[in-house]
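Below are the structure tokens for one structure; questions will follow.
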Amino acid sequence: MSAASPSRAPGHGPAALHGAYRAVREQTEALAEGLSAEDCLLQSMPDASPVKWHLAHTTWFFETFVLERAVPGYRSVDPAYRRLFNSYYVGVGERHPRPERGMLSRPTLDEVRAYRCLVDERMAGLLAQPDLPDDLAALVELGLHHEQQHQELVLTDLKHHFSRNPLAPAYRPRPPAVHAVHVAGERLTFLGGLVEIGHGGCGFSFDNERPRHRVWLEPYALAARPVTNAEYLAFIADGGYERPELWLSDGWDTRLREGWQAPLYWQRGPGPSWWHYTLHGLREVAPDEPVCHVSYYEADAYARWAGARLLTEAEWEHAAQSPPSLASLGTLLEDGVFHPRPAAAGSGLRQMFGDVWEWTCSAYLPYPGFRPAEGAVGEYNGKFMVNQMVLRGGSCATPASHLRASYRNFFPPQARWQFSGIRLAW
Amino acid sequence: MSAASPSRAPGHGPAALHGAYRAVREQTEALAEGLSAEDCLLQSMPDASPVKWHLAHTTWFFETFVLERAVPGYRSVDPAYRRLFNSYYVGVGERHPRPERGMLSRPTLDEVRAYRCLVDERMAGLLAQPDLPDDLAALVELGLHHEQQHQELVLTDLKHHFSRNPLAPAYRPRPPAVHAVHVAGERLTFLGGLVEIGHGGCGFSFDNERPRHRVWLEPYALAARPVTNAEYLAFIADGGYERPELWLSDGWDTRLREGWQAPLYWQRGPGPSWWHYTLHGLREVAPDEPVCHVSYYEADAYARWAGARLLTEAEWEHAAQSPPSLASLGTLLEDGVFHPRPAAAGSGLRQMFGDVWEWTCSAYLPYPGFRPAEGAVGEYNGKFMVNQMVLRGGSCATPASHLRASYRNFFPPQARWQFSGIRLAW
Amino acid sequence: MSAASPSRAPGHGPAALHGAYRAVREQTEALAEGLSAEDCLLQSMPDASPVKWHLAHTTWFFETFVLERAVPGYRSVDPAYRRLFNSYYVGVGERHPRPERGMLSRPTLDEVRAYRCLVDERMAGLLAQPDLPDDLAALVELGLHHEQQHQELVLTDLKHHFSRNPLAPAYRPRPPAVHAVHVAGERLTFLGGLVEIGHGGCGFSFDNERPRHRVWLEPYALAARPVTNAEYLAFIADGGYERPELWLSDGWDTRLREGWQAPLYWQRGPGPSWWHYTLHGLREVAPDEPVCHVSYYEADAYARWAGARLLTEAEWEHAAQSPPSLASLGTLLEDGVFHPRPAAAGSGLRQMFGDVWEWTCSAYLPYPGFRPAEGAVGEYNGKFMVNQMVLRGGSCATPASHLRASYRNFFPPQARWQFSGIRLAW
Amino acid sequence: MSAASPSRAPGHGPAALHGAYRAVREQTEALAEGLSAEDCLLQSMPDASPVKWHLAHTTWFFETFVLERAVPGYRSVDPAYRRLFNSYYVGVGERHPRPERGMLSRPTLDEVRAYRCLVDERMAGLLAQPDLPDDLAALVELGLHHEQQHQELVLTDLKHHFSRNPLAPAYRPRPPAVHAVHVAGERLTFLGGLVEIGHGGCGFSFDNERPRHRVWLEPYALAARPVTNAEYLAFIADGGYERPELWLSDGWDTRLREGWQAPLYWQRGPGPSWWHYTLHGLREVAPDEPVCHVSYYEADAYARWAGARLLTEAEWEHAAQSPPSLASLGTLLEDGVFHPRPAAAGSGLRQMFGDVWEWTCSAYLPYPGFRPAEGAVGEYNGKFMVNQMVLRGGSCATPASHLRASYRNFFPPQARWQFSGIRLAW
């Protein structure tokens, strides 16, 4: 599971690129290990794709955007895949409907694995060329970061699929329990002023992180760690789900329509306490773990109840730009835990990266001067810039090398199936 | 494929019953042969269940209604299956939601096959008893007829699942083409009068076929064979799908809402002609085959266009009660064709049994004096007696030993995924 | 309110026809008396039309089907009305969408009343002709019976509209209470045999009542009177709305989806008892009145709970063909009560006509040999012959001269806003 | 129509307040003049309320938030109104469901007018007090601005209601045509920097405009006037509604689902050109008028097609803070035109205020340090701060005294029934 460690992040020389390619591709396959062909076909909702589809789509990305462009007269592995595994790139042509991805028992899982192998071989040939043009190298790098995003989705989607099975299957065995230290949720203050956010360096970034630009921030304070289950249980016990005055109007309507009484995957019992479905199966809710699988609406209501507010993405990024201490790193994909863990003891900001994505109160909008990438890959980010809120910081399902302070994740305010949690601000 | 031939139909002695049990169970498994675990998990709509679920549910039926009752202190193979594989028997307790059957990657297909084996072994032990009580024998027989119904559903559901895959997978290879003789749709007349319908003999029947009772019939005529694709194409060409005056009001609303332009599975092209998805893959529509996959609404509109009407179930049954000639037998499951075939030459009623179910204009209602069976199996039929129309005669997916003149099938008027066709009456 | 008494039913000579015309038209207007223009615009659901629309549509019927045909070069009162007030006659052309009838603040109520006057004048001219052709006279008669149907709808639709207003407006003052005698629900038996039903005489009938034809009936028994509120309350108290085994499967799904706990318009309280909205405003449920505003699903579940069944339409008609005693007549529109009343003391079948429509367990289907009327009026009945159940006997909102033993009313099984009740059979 | 001119804007002394009260209330009634009771009952969609409801709700606001608080032992005009005319104030108690407002034929329009009179009398008594406490005066002022918002909604909602009538009723006669000068859409540049936006002065503002705060702006350019119909027609002609690459992903899905081909109220013909429904009836689309009734999605797609972008709310407000020239004022409610008019000749920013609301690319979010008002009126704005976009500048239906540079309007991105248009930025 250590294949794609941050120190082997996608780099710049051809050899480094090839190494990164192999590492990322292997990590994806490692995530699918132990899953049956049936498991990999599940699709529990339109938003959550089958694991097999992720395996194929990430491969399609390299075939469509890299090999087709790089290899004159390129012959695709299977012409039907162009449509079957296109996610949403209108510029590439027709797409198999998203809610129907679970209908693809053919090609089989074995055929999709063979597809991966074939494309990997062809990519290896390409990456062995000493003079890979910069634009192709950039597309390969984009494809790797794209695949890392899908690694997280493999886990969050699978969790959703499995949660619909009354047998509550465990994806991975539960790791040995660690003694959790209770960590208070103290406030850390920041001065703000005219700061800079966005990606400005030479490493990789998505187009939506650019350009780096100035933002004016008033002084603010952040909680040292995300809200815990114990704290969230107090919100529930105080009638948090019954008091419309705590909620945004759309949030309250959603809560009523969906019948929400607790975060996604939570259930009463067995016994008097709350349990939740995890990738280790059904477990009792642990008080010191960060609460997760809450929507923006719940995060916002919690913050209002707590006399606080959610942070803006600029506040988060400004705070996260200081050199990260060890403490600010939480659980990431490579830890192989696939579940958020309690904050570490110590001082300063903890779990800024990892464990749970933090809902910000910033709508997902273009930065001043934003320009989408050229061609069909320009559909990657820009066309989703409405009706979504930004999340920051990564989760226990995010690869370490995939994160950076300028990274912007985004989901609609009602989404709950990501490892999404809450950090308070004042 | 000959295991459950009509001559070995469910009988009465214990040995005969055990033989019938084995034959029916093996026939189910033969239908699933060649399908991957992924194929068997597909669920394309709430009405159509995964093949794996059919394999398990038919087994659940024997475990729940026979073994639990017959064996004191019976220990179920897996207590979770009681809920997972209950279809709609409220009397048995909770049910896994029907639209979520495709979410059950666990238990795996192999585990479900093992479940079948275990229950078969236990049933073998039970059926070996020399003094099996009559009520248990009757439940076993019910279970076998129940499983035969699911054999047909395995095929019709799988056809629907596969049809959603752009690759149009073939379930079975296409059989060699036979030279079709054109058979005219002549009218055969019947006198009617005070006739009897319903099941009255000593063989098996479902509760909804009983009691046998008197019905008054005016003289009527029936078409010698079902409507063919060629005839239906003339209806389409004459604007059949564009003329509301031909349709029932609900039918026209459905046609508009669903955008129907032709029977289910039909598509324009490749080329100028109509093709349709079959269990042999995509094929050009053959003119002399009976039209199928039409709804009641389409059948009714076609009949109106043709200056005829649909037959009533009493008319069908009265006509079918004469000793069946060879000609009146059409294609059945055992033929292994899984697609309706053209009518045979000759005279008299043809294809009364097999090829396509025939929509009658009779609503599915209780016969005078109807009494549902006792206990949870009483939910088998009676509670569906509203909003459905009766179909008669069986199809190319119906086991031969499953049919009889009194057999009543029923579906809502908008249903199209069964092998449902049209026989005209006057 | 006595204008259109049964003794002045639509007859045959021109003078009689003109008299009937005036009587029916005046009765419609009398029903709208006291309603404001706002009241007459209300549309609470797509199925229930505004009173103003009923006033206009019944007039449109005479203009479109009679005047346009009878008067060469006829100039319509307003060409736009042809579309605005067409209900569902595809043969007449486009229709204003049914759910949008409440959007027609223009033409105003005054303009619609003027429209009525103008058409009445023109009709008077036509009806004054000594030699009115038979086909025209028949269309006039059809239009009068059509208008009588809409008189009932004016009341049932208005009740639905008003029920959505928290002020619970009273349409008419409550009549003085009459002392109700408790009448037991005894069974009356009938021999059946080969009987005749359907309309065969020379008076008016709708096409769906024809032809008169033979039906075989086994012996049966009917309850002397409809089920009362007291009896229905016992069903509720016995968990009738909580026991799926009492319900048809579609009925139970509907009950869950709609949250039904009692008949339409019923509510708990004020106080511990049940109240219901009536056309006299909010009233406590009276035990001896017939229960009404139940769906077919509820009627069927009640009958199952009571160890009985619903009657068939042939049973009802056979029983109703005996010369009606005074007792068999219940409350009708002309009584001006607009609410069902308790059964009268005495013996024999009571309330066969009036008070509440009786759900039969017969699906609404064509009689053997049914032929719809020629032309667009052929859409009147035939195209609705699917997914509906037959009701018999009329209600407290049905004009007396509109009813006869062969009369078939029909509604979908979930419909509750008509004055629909239950008579048990065995 | 000049009653509530800007010079008589809600002020501070009791006499001024009383004057403003009378002016605003009279203006509301003037808007309803000429409408029938039926017109005032129409509700064409849940978002658009009946005019009668607006008349009552604005009165309810004064009764609930001012009189109940100011008058000890206050007896409401009708206790039922508290619930009937509550819009969304959970803190005030139950509300009549929004989609059911059109069901309230009672109270009648006359009764609602009487309600207005009674409350106006009581308010007059209150406002005549020499020592009206500041908090009450502030609530009165809030109520007046609230009522002005509803004046705009009276017009936009009525337009929607009337548009559903095939007769296309004219609300007001069409004013004489003015010769339009073609005005080019030149760019005006602004330097930006660390600017201030939000309300900071002593006049009235809503809580969502506060606090005034610093924002960093990069240099930007704005179009001198909104996009015209002629320009938008070029977008349509260039396939703007057929090219997904121009649209946000959610926007494209909405366009497909709703079948949008042009702005709301537009239709092809009569004749080859585009016509649209206006408050003067059906009119041909005039090329030099600002395009309106477009959603955010259409505004965004148009801007992308034009090689530009939408402006941010901070950019708009910064540009609008300069002392308004006469030219920057467009058509407002008091002009009595109720339809946007072509830009005036001249130079500088035109139509910054009036004619059409301008969609900004800013999500509607709280300003840094935002605090909602205390009590139930705190629900006025804050709870809607998600899933909406900000519009700026007012329209031809906005009262002049209601606007200011800091004013924030907001609607979901799919909303089209406001007078919403497009100003480009670069």
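Chains here go by letter, A, B, C and D, matching the order in which they are written, and residues are numbered from 1 within each.
Methods note: a contact is a pair of C-beta atoms (placed from the backbone, for glycine too) under 8 Å apart; a residue touches a chain by one contact, two chains touch by 3 or more.
Bear in mind the structure is a predicted one, so any value in this text is a computation, not a measurement.
> Interface check for copies chain B and chain C. Shared numbers divided by all numbers used: above half gives same, below half gives different; which is it?
same
> With centres defined by CA atoms only, which chain is the most remote from chain B?
D
> Counting in whole Å, what is the centre-to-centre distance of chain A and chain C, each centre being its mean C-alpha position?
That gives a centre separation of 60 Å.
> Suppose each chain is reduced to the average of its Cα coordinates; what separation in Å results between chain B and chain C?
Spacing between the chain centres: roughly 39 Å.
> Just give me the whole-number Å value for how far the CA centre of chain C lies from that of chain D.
From the centre of chain C to the centre of chain D is 46 Å.
> Identify all positions of chain A at which a residue touches two or more other chains, and write them in rising order.
In chain A, nothing touches at least two other chains.
> When you draw the chains as points and link the ones that touch, which shape shows up: line, ring, star, complete, or other?
Contact pattern: a closed ring, each chain touching exactly two others.
> According to the definition already given, which pairs of chains are in contact?
Taking the chains two at a time, the touching pairs are A-B, A-D, B-C, C-D.
> Can you list the residues on chain B that touch chain C in the complex?
Going by the criterion above, the answer is residues 88, 90-91, 194, 213-216, 218, 244-245, 247-251, 296-297, 300, 309, 361-363, 365-366, 368-369, 379, 383-387, 389, 413.
> Using the touch definition up top, name the residues of chain A that touch chain B in the complex.
Within the complex, chain A contacts chain B at residues 36-39, 41-42, 44, 80, 83-84, 96, 100, 102-109, 161-162, 164-167, 169.
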